[in-house]
Amino acid sequence: MSNLPDHLWNGYRAFMTGRYSDERARYRQLAERGQEPHTLVIACCDSRAAPETIFDCGPGELFVVRNVANLVPPYEPDGNYHSTSAAIEFAIQALKIRDILVMGHGRCGGIQAALDPNAKPLSPGDFIGRWISLLKPSAEKIRDSDLLTGGERQTALERISIRSSIANLHSFPNIAALAEKGELRVHGAWFDISSGELWVMDRDSGDFVRPDIET
Amino acid sequence: MSNLPDHLWNGYRAFMTGRYSDERARYRQLAERGQEPHTLVIACCDSRAAPETIFDCGPGELFVVRNVANLVPPYEPDGNYHSTSAAIEFAIQALKIRDILVMGHGRCGGIQAALDPNAKPLSPGDFIGRWISLLKPSAEKIRDSDLLTGGERQTALERISIRSSIANLHSFPNIAALAEKGELRVHGAWFDISSGELWVMDRDSGDFVRPDIET
Amino acid sequence: MSNLPDHLWNGYRAFMTGRYSDERARYRQLAERGQEPHTLVIACCDSRAAPETIFDCGPGELFVVRNVANLVPPYEPDGNYHSTSAAIEFAIQALKIRDILVMGHGRCGGIQAALDPNAKPLSPGDFIGRWISLLKPSAEKIRDSDLLTGGERQTALERISIRSSIANLHSFPNIAALAEKGELRVHGAWFDISSGELWVMDRDSGDFVRPDIET
Amino acid sequence: MSNLPDHLWNGYRAFMTGRYSDERARYRQLAERGQEPHTLVIACCDSRAAPETIFDCGPGELFVVRNVANLVPPYEPDGNYHSTSAAIEFAIQALKIRDILVMGHGRCGGIQAALDPNAKPLSPGDFIGRWISLLKPSAEKIRDSDLLTGGERQTALERISIRSSIANLHSFPNIAALAEKGELRVHGAWFDISSGELWVMDRDSGDFVRPDIET
């Protein structure tokens, strides 16, 4: 038995007759010469916010880490398995990528869980609870902000999580050093699933703005 | 300063006038009703192997974890931050996804690193070395297979890593239980960047075959 | 009693009214002038992998040795009967052929026997066991590669047997000398019975690739 | 470098768009179910006498051994590598083939060498001299038959070699036993390259006759 689910297999066939067929030479070249992606994107697993779709990117452009709530843990060289830190290290040290984008999005299930005071472990392993606890101090503060609506609390923590990941990125000595010298740039963005709007973080203030209405 | 790199911003504008414009209603609906992705994909960060591209998927279809070499660590409920295990838990327990695909690909840099006997830490943290050590026993055996060419060793370990991730998925009690009852299916696939071929794992033998030439 | 089995005799009559009738002049010429085949093919006896069929060759084109598992023994001028070495010597020295192709194929029964740890002699003479022992060291190593599936082990040894035959060809002093001077070329290929795909050996790396998808 | 000579590659492409394309289902079935060839053919390497061509056979029909002058050595279970005996053993014991055809042909270079009193080793290994010495006693007698023309001596030894191979086949105990019980049949045939005529051996007398003009 080697059948993929129909929707995957049909999608793959559409890719082969469509995009791959159009970009055959590009794929060949990428295979032979290796990848040189221009940007490392740290994004959420959410099915509605794929970076390649939102940035209309072809093969070879984005090196993409995806985890729940686009989190970057702080620098902890402790010998445990660090999926996200490993990918970041590979992107910066091996691939020499010099633009990093942390992209969050609206209606994020991970953020929702972090804000739910009654959240129970999803399974005895409680992996999501532990993972989301990276945001715990912020989540608790936002949860107590009774002046904000539920929706506002959600958006607020989504953006805080982006700023928190960016701060943790700077706890990596090599990233801090490169950024210090102006040789590496870290960006933040937040995608509104409903409207399709992309809000970009101002690096000085941490605010999220829409460059398209600024211009 | 809130400017994204030009290639990202231009890509985003192409998305807005293209795909988003065509699928506006779909995005609105996905925002309101929440996501119900049909498949959890565990894929590599590699810029040449984005699942949404290869399966020609639109918003809302794939819940995607991406780490270096598409690895799933074994079930270890030890209180550390487990990015991949958390995403898997969320997909199965919260989103009720019942199809999981582990997708590897050719010319994988992580696998290459695992096979390199002289690989040195990429940074003092050695995150990639530690992460890739999940494959260590297999990598050492394959590295010693002097009857295989370098290319054959690379392909062999890429496929072994998929089988290994699938085995580790079954170390999660909830996945094992659902699979046992026939209520959850785990698939494996390997994508050839150069030719665009998708090789699908036979669930009984573990072999990778091409369904398009079987039919 | 001189009757051939019906299928052979009927096949022969189809040949006479078909191909021979079309190529009568060619056969006459080949009879008068002698053969000048362009390629020596060393192939397996398997009924599913006839070189003339796979390369769509007419009379006079291929000088063909066929034995179980397309093996070339090492150069051993010891006075025994060496069927394969004799044919190779005749092709190179008498017919001056300068292209040699070693062609293996999938699902090879000889390779299967070499990998079977419980294989017993097929008859008291144990000719096949002895013949296949030419691959013994490789077969034992591959047999112990428990990370590979049964199918992967089979394919691996099929390809190793081609590389091994090619290495043994170079133990023949005349072949080594001609190859050294660039006056003789040795090729390797592996035929997939199911898909009809031909995988060609890269002479530098020993890898098998598909030229039709490289172009 | 993985390029095959052009004539081979072009031939392969003709096969894929022609025969393979027409018989795809047959190839698939042969791959899955394994081969069940109806006949073992022991033929010469000569490029003008491919059994599949002369008997117009498709994939899966003939299990084919090809060596110089279609010789079968006598049964010698001595631990050396016996290419031809191994193939015969595999055909009879593993594949259960019960029709064997020894096919010789006109203008055979190996027979010519056997008849040449001044033949010198083709290379220091003298593999062909040794191989053809299987026919030595017969060759010497025919060589001395000064009443026969050169052409008659050639044809005579070609047919003697077929009868000799058939005699040697009966030195294999399992073949002798099966033939004795009427469960296995051994046939002889001689192909005239120039005229396309197939002469079939009468099993009682050893004469070669043309069944098509007998009827």
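In order of appearance the chains are A, B, C and D, and numbering begins at 1 in each one.
Following the convention adopted for this analysis, contacts are C-beta pairs under 8 Å (C-beta built on N, C-alpha and C of every residue); 3 or more make two chains touch, one makes a residue touch a chain.
Predicted, not measured: the structure shown is a model, and the values here were computed from it.
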Chain at maximum distance from chain C, centres defined as averaged CA atoms: A
Interface residue identity across copies chain C, chain D - same or different by half: same
Chain A on chain C, rotation in degrees - Cα superposition, rounded to nearest 5: 30
Distance between the centres, which are taken as Cα means, of chain D and chain B, whole angstrom: 53
Cα-centroid distance, chain C relative to chain D, in whole angstrom: 15
Whole-Å gap separating chain B and chain C, where each centre is the average of the chain's CA atoms: 40
For chain D, residues that touch 2 or more chains besides their own: 28
Category of the chain touch graph - line, ring, star, complete, other: line
Chain pairs that touch, as defined at the top of this document: A-B, B-C, C-D
Complex contacts: residues of chain C adjacent to chain B: 138, 141-142, 145, 147-152, 156, 159-160, 194-195, 197, 205-207, 210, 213-214
List of chain B residues in touch with chain A within their complex: 1-5, 7-9, 11-16, 18-20, 24, 27-28, 30-32, 34-35, 37-39, 45-50, 52-68, 71, 73, 75, 77, 79-95, 99, 101, 106-107, 109-110, 113, 122-128, 130-132, 134, 172-174, 185, 187, 189, 192-194, 196, 198, 200-204, 207, 209, 211-212, 214
